[in-house]
Amino acid sequence: MMEKMSKKSALVVSAHSADFVWRAGGAIALHASRGYEVHVVCLSYGERGESAKLWRSGNMTEAKVKQSRQEEAEAAARILGATISFMDLGDYPLRADKETLFRLADIFRQVQPHFVLTHSVNDPYNYDHPLAAHLTQEARIIAQAEGYRPGETIIGAPPVYSFEPHQPEQCNWKPDVLLDISAVWDKKYAAIQCMAGQEHLWEYYTRVALQRGVQAKRNVGIGSSKVISHAEGYQSLLPRVTEDLS
Amino acid sequence: MMEKMSKKSALVVSAHSADFVWRAGGAIALHASRGYEVHVVCLSYGERGESAKLWRSGNMTEAKVKQSRQEEAEAAARILGATISFMDLGDYPLRADKETLFRLADIFRQVQPHFVLTHSVNDPYNYDHPLAAHLTQEARIIAQAEGYRPGETIIGAPPVYSFEPHQPEQCNWKPDVLLDISAVWDKKYAAIQCMAGQEHLWEYYTRVALQRGVQAKRNVGIGSSKVISHAEGYQSLLPRVTEDLS
Amino acid sequence: MMEKMSKKSALVVSAHSADFVWRAGGAIALHASRGYEVHVVCLSYGERGESAKLWRSGNMTEAKVKQSRQEEAEAAARILGATISFMDLGDYPLRADKETLFRLADIFRQVQPHFVLTHSVNDPYNYDHPLAAHLTQEARIIAQAEGYRPGETIIGAPPVYSFEPHQPEQCNWKPDVLLDISAVWDKKYAAIQCMAGQEHLWEYYTRVALQRGVQAKRNVGIGSSKVISHAEGYQSLLPRVTEDLS
Amino acid sequence: MMEKMSKKSALVVSAHSADFVWRAGGAIALHASRGYEVHVVCLSYGERGESAKLWRSGNMTEAKVKQSRQEEAEAAARILGATISFMDLGDYPLRADKETLFRLADIFRQVQPHFVLTHSVNDPYNYDHPLAAHLTQEARIIAQAEGYRPGETIIGAPPVYSFEPHQPEQCNWKPDVLLDISAVWDKKYAAIQCMAGQEHLWEYYTRVALQRGVQAKRNVGIGSSKVISHAEGYQSLLPRVTEDLS
Amino acid sequence: MMEKMSKKSALVVSAHSADFVWRAGGAIALHASRGYEVHVVCLSYGERGESAKLWRSGNMTEAKVKQSRQEEAEAAARILGATISFMDLGDYPLRADKETLFRLADIFRQVQPHFVLTHSVNDPYNYDHPLAAHLTQEARIIAQAEGYRPGETIIGAPPVYSFEPHQPEQCNWKPDVLLDISAVWDKKYAAIQCMAGQEHLWEYYTRVALQRGVQAKRNVGIGSSKVISHAEGYQSLLPRVTEDLS
Amino acid sequence: MMEKMSKKSALVVSAHSADFVWRAGGAIALHASRGYEVHVVCLSYGERGESAKLWRSGNMTEAKVKQSRQEEAEAAARILGATISFMDLGDYPLRADKETLFRLADIFRQVQPHFVLTHSVNDPYNYDHPLAAHLTQEARIIAQAEGYRPGETIIGAPPVYSFEPHQPEQCNWKPDVLLDISAVWDKKYAAIQCMAGQEHLWEYYTRVALQRGVQAKRNVGIGSSKVISHAEGYQSLLPRVTEDLS
């Protein structure tokens, strides 16, 4: 699926095949533009729960929906500068057994990510999202263990961030990071436009980016002459280690 | 008291005259060693509530206690590389009126801090601490307002961090930042030793630094070959704006 | 089991066969009396965990316990004006696989509920209750998806409420709705009396209704000349959409 | 200031003279259009903290700023269909003593509100906002007491809602009500445009209304053929009493 | 007011003159019956906010209301076996300055309590209650300080408990202690009956005691043959130190 | 495995074979020294996730790791005065099906514990820990049910405590009990030294004990002349029933 990466890298775990675009497209494009190898794993195609328009178009089968969703996601990943793979676990409901967990842990070991992006740990509107978040966190823990496939290279302790859910307050999601994506907004919007089946969300997530941009400006310290127009919010799930508080 | 700073700077607001040493001495020494102008404001001397040993020594007056506490704090600040000032607001209880708030807002404008350190917003063991935290946050807001002393240079939106309280879980304090202070631990411990009246706390805060150091090691990402021995925990009160998630 | 409903309707998901009576009997009777079709689904009979008196009566088998519990629940539903069905999933522990989830999603589609009642999402005294709440929420999500059994009529986004657990504070349950059930209290108490095996709870839940009644009176706005004697508390799990704030 | 109201009425307590427009303009216009007497109380003019553009325009005094802000607020209230009064308590910081509390309690008694709108109880960016929220809640409690100005007509227990703060997640604000303001959006936007000094917020709050509109659509129950384009979010501070859960 | 106590002792801080009866009457009677010196401090008489019936009786003055409330409270304290004093700070709103804080700290030093009972730290229905709780906690802290009135005997670190508010869930109050008051229920009910002006609460708090009694039975460990009929709930504000976990 | 106990007893459920030593060794030794029969159940050996040193030692197999871990745990239990059994469920990830749940419920019935110790219900660093906590709570509930293996002796409602996780604040763990283990610290440290594979934790948990000891001293009431040097923190998951608040 992908070779061992030697550069800086990041892993994005997306419950359905479009989530990574709306929620983390800016972070992906930004870090890819700086040379990170970013890999996206789609746990499912969102074939049941997030393909309403396709189903309504008539004469549709699950295979056709998956095919269409995969093509869209691949196109979006290409624009953002990321590699992508699909686990095809099914959605509504997404479920994961031990083997799934190990497959994801193996991807962690291959990617050796410097940071990890996934869903929020609560979402009353979409039970697949928290499941993806917990699966990601548990796979990360297993990939850190010397006793799992002994002899393989374990991973470090990369930071994990939850990207923004659709109704943030209802998910008790609180961003502690505002990522300035102004420089790559055009790429993110181009990737968004790959999602032909979900046009109603294009403008929704454009507005999200603008709002987070305004908020980022409100939280910038002294001496920053940067113009921020678009941002993405993230919630850290673990403390960060640093030597600089400014 | 101090001149307008042109270099990077930081402001530390300490309810009592020793708090900044136990709780933020590492951050102060670390940033001072990199050229930050760090200014510490002590709202009170802790003359009533945190000078038990002095009071027990007999033949003591409040003036003598304050004098002794000021000398200790000045010595500690000198070791850490910070300037220090005292507002002498009294402790147990600390109280702040509008004029106090404005005095602190004026210090914000003078210091133009790149980051701010203060207490946790909850502490059932010490009501002066949350008051100091809220006073700091409100002073920061006022110093940002164009309409406060119009014509003066306003401040930006520096990040604000709560340093570690004495019983962290009881204060609902949760660190999201672990600051590696290994390089300056010797300075912090030297500053701690200035606090002659509170020897029982020397080893307590040495252990705090060691525990946070172990935790920092547990949260370090890939490729970090750094040896971390000591750390300080901080809780961000506001989101940070960044362009890098690793 | 039931035909497609054309009137207003409601769905109540009860982990054990008596829960809906103690916790939601008033809401059921009240809405039934106004013409709602209310359907109750009992996930289990509570045969292991909530039938202590039956088991102590000697010479008992699981089949006999279930039979007795079913009869009680049917009698109570009749008094309240609801239809009832039983999924017989077992209790202590209740467990649900994908097929169970789909069965419940199918009931959602049949009932097309205007609102949904179920358990609290936390309960340290009864793990079957949160499981029922989560199963209900996930089934609702699946029943909304075009891609689940494509071609069937999907459901809207009915509000979901958690009814009152036995020890509300321990479950972190906080009512944001107080439902005035004064007009149907006699029916609720008649239904309660069907639960021959749990007489110790009759007075407990009478007192609950009286306490919530007093609290409702404390929260009534201006110009309300209504006499409230009994109420039930509910916690909304999702925001409500309205055009009137009074 | 205003006469005893005999119709349905509402009270809006705004820390600064523009807050009610951005945050509650839709609710005001909506209820006014249905015949409610809506009264807005501005605790301050926001002369220091929320008039940056005016101060930057040069040759400005606090009196001139207040005058300008009052005119804007009056124009906005007129468009929305509300009466308005100003307590001129000062801002940055807003402070309230007992007499202020009693003045607000007296307004509660005059208005006899069927519902109350005010700020969120937390806001790390603006300490005046939580103070306004708490002042409102305490004034409401005092206006309910028989022993306060005995003989006067006390108020009932009107629901109190927090309107949306500028950075909702940072304020731990979670909307449990989405108010459909589609029918009055044009009025709200006209009122917004009265705020000449804060043009940067016009589009921000237009986007807020659109996002909440999309979210409202996601939370609408069955059989709703209504088209929702714009909404406002509210958080209830007290439980509501009802006889209908749909 | 009272002499230095040499026996085990407890301090109860009541915002209004009846609170201690409804909320802590059982704890008072129970410990008094075991030889504790229990002292109750009423911060106000509740003359404005909790004397509706008196005010409605006509021809009333604040002095008469206070007199009546004091007599009731003294009668109740006598039945429960406690001493009582009144600070007459006024209610609706209760306010406390530094001198008040010191007066309460002095009472702490006189009483040298083995435990402390007061209100919950949140109550959206009654702002006097949280104020009383915070005043109590801060006075306790001051009474512990060597530097406050140096030379006096300081206090230890007695546990502090919040007793049950009127609408517990709305106050985010969660009991972690259920005190068995079965043995003294008759005394508590006799004390309750002293509150002639608040008859509507007699049965309310009888039901509270019965519900907490049932809950206590549900939380009793092995080998307990005790019959519990009535209980009071308490929330610890600080951790307890023990040598026994059973 | 063990006979029906007639003395006071306690049950400790440990996810991995060393957890009970670091986290609850003091409680075990203390109660064992007073005559309690303390039984430890290790759900797994921690063979994958907590045996890094063994795996690094080369030429290792899972069977050898388990054997080594079992011997260490048995040695530690012997020193602490507890019996121990192993369920060998595997770790990283730990998983439990219905039969596992029943096996643990059966142990509850055999042990008839007067109190129960287990993990915290949250731990983002170790998903096996919360799973163990929930399994323990659910097994306890099943062991209380008359309908589970009817005719067997059910258990009472023993208190359940979460012991301290490795990074307490990150787990939202807040101790409400500080257990004085000064008298048995030497035994705990001897048991700790049995964990040859995890020497890096010896000093970490020594410092934890010292910090909790200092905190215990800060929370001790009046008249306590006891010298506390070491303590363990616990969080109650259920309210305690008592007749004494001091």
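Here the chain labels run A, B, C, D, E and F in written order, and each chain numbers its own residues starting at 1.
In this text, a residue touches a chain if its C-beta (ideal position, glycine included) is under 8 Å from a C-beta of that chain, and two chains touch if they have at least 3 such contacts.
Here's who's who by UniProt: A, B, C, D, E, F = PIG-L deacetylase family protein.
Because the structure is a prediction, the values reported are computed rather than measured.
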item	value
Chains in simultaneous contact with chain C and chain F	A, E
Chains contacting each of chain A and chain B, listed by label	D, F
Same or different residue numbers at the chain B/chain D copy interface, by half rule	different
Selected from A-B, C-D or B-D, interface repeating C-F by over half of its contact pairs	B-D
Centroid distance [mean C-alpha coordinates] between chain E and chain B, Å	37
Distance between the centres, which are taken as Cα means, of chain E and chain A, whole angstrom	52
Chain C residues counted as touching two or more neighbouring chains	125, 170, 175, 215, 218, 233, 238-239
Touching pairs among all chains present in the structure	A-B, A-C, A-D, A-F, B-D, B-E, B-F, C-D, C-E, C-F, D-E, E-F
Residues on chain D engaged by chain E in the complex (per definition of touch)	98, 101, 134, 137-138, 141-142, 145-148, 150, 237-239
Complex interface listing, chain C residues touching chain F	47-49, 51-52, 55-56, 60, 62, 65, 92-93, 95, 124-127, 170
Footprint of chain C on chain E - complex, ascending	125, 166-170, 172-175, 203-204, 207-208, 210-211, 214-215, 218, 233
In the complex with chain B, residue positions of chain A that touch it	8, 10, 27, 30-31, 36, 112-115, 117, 155-159, 161, 175-180, 215-216, 218-224, 228, 231, 233-234, 236, 238-246
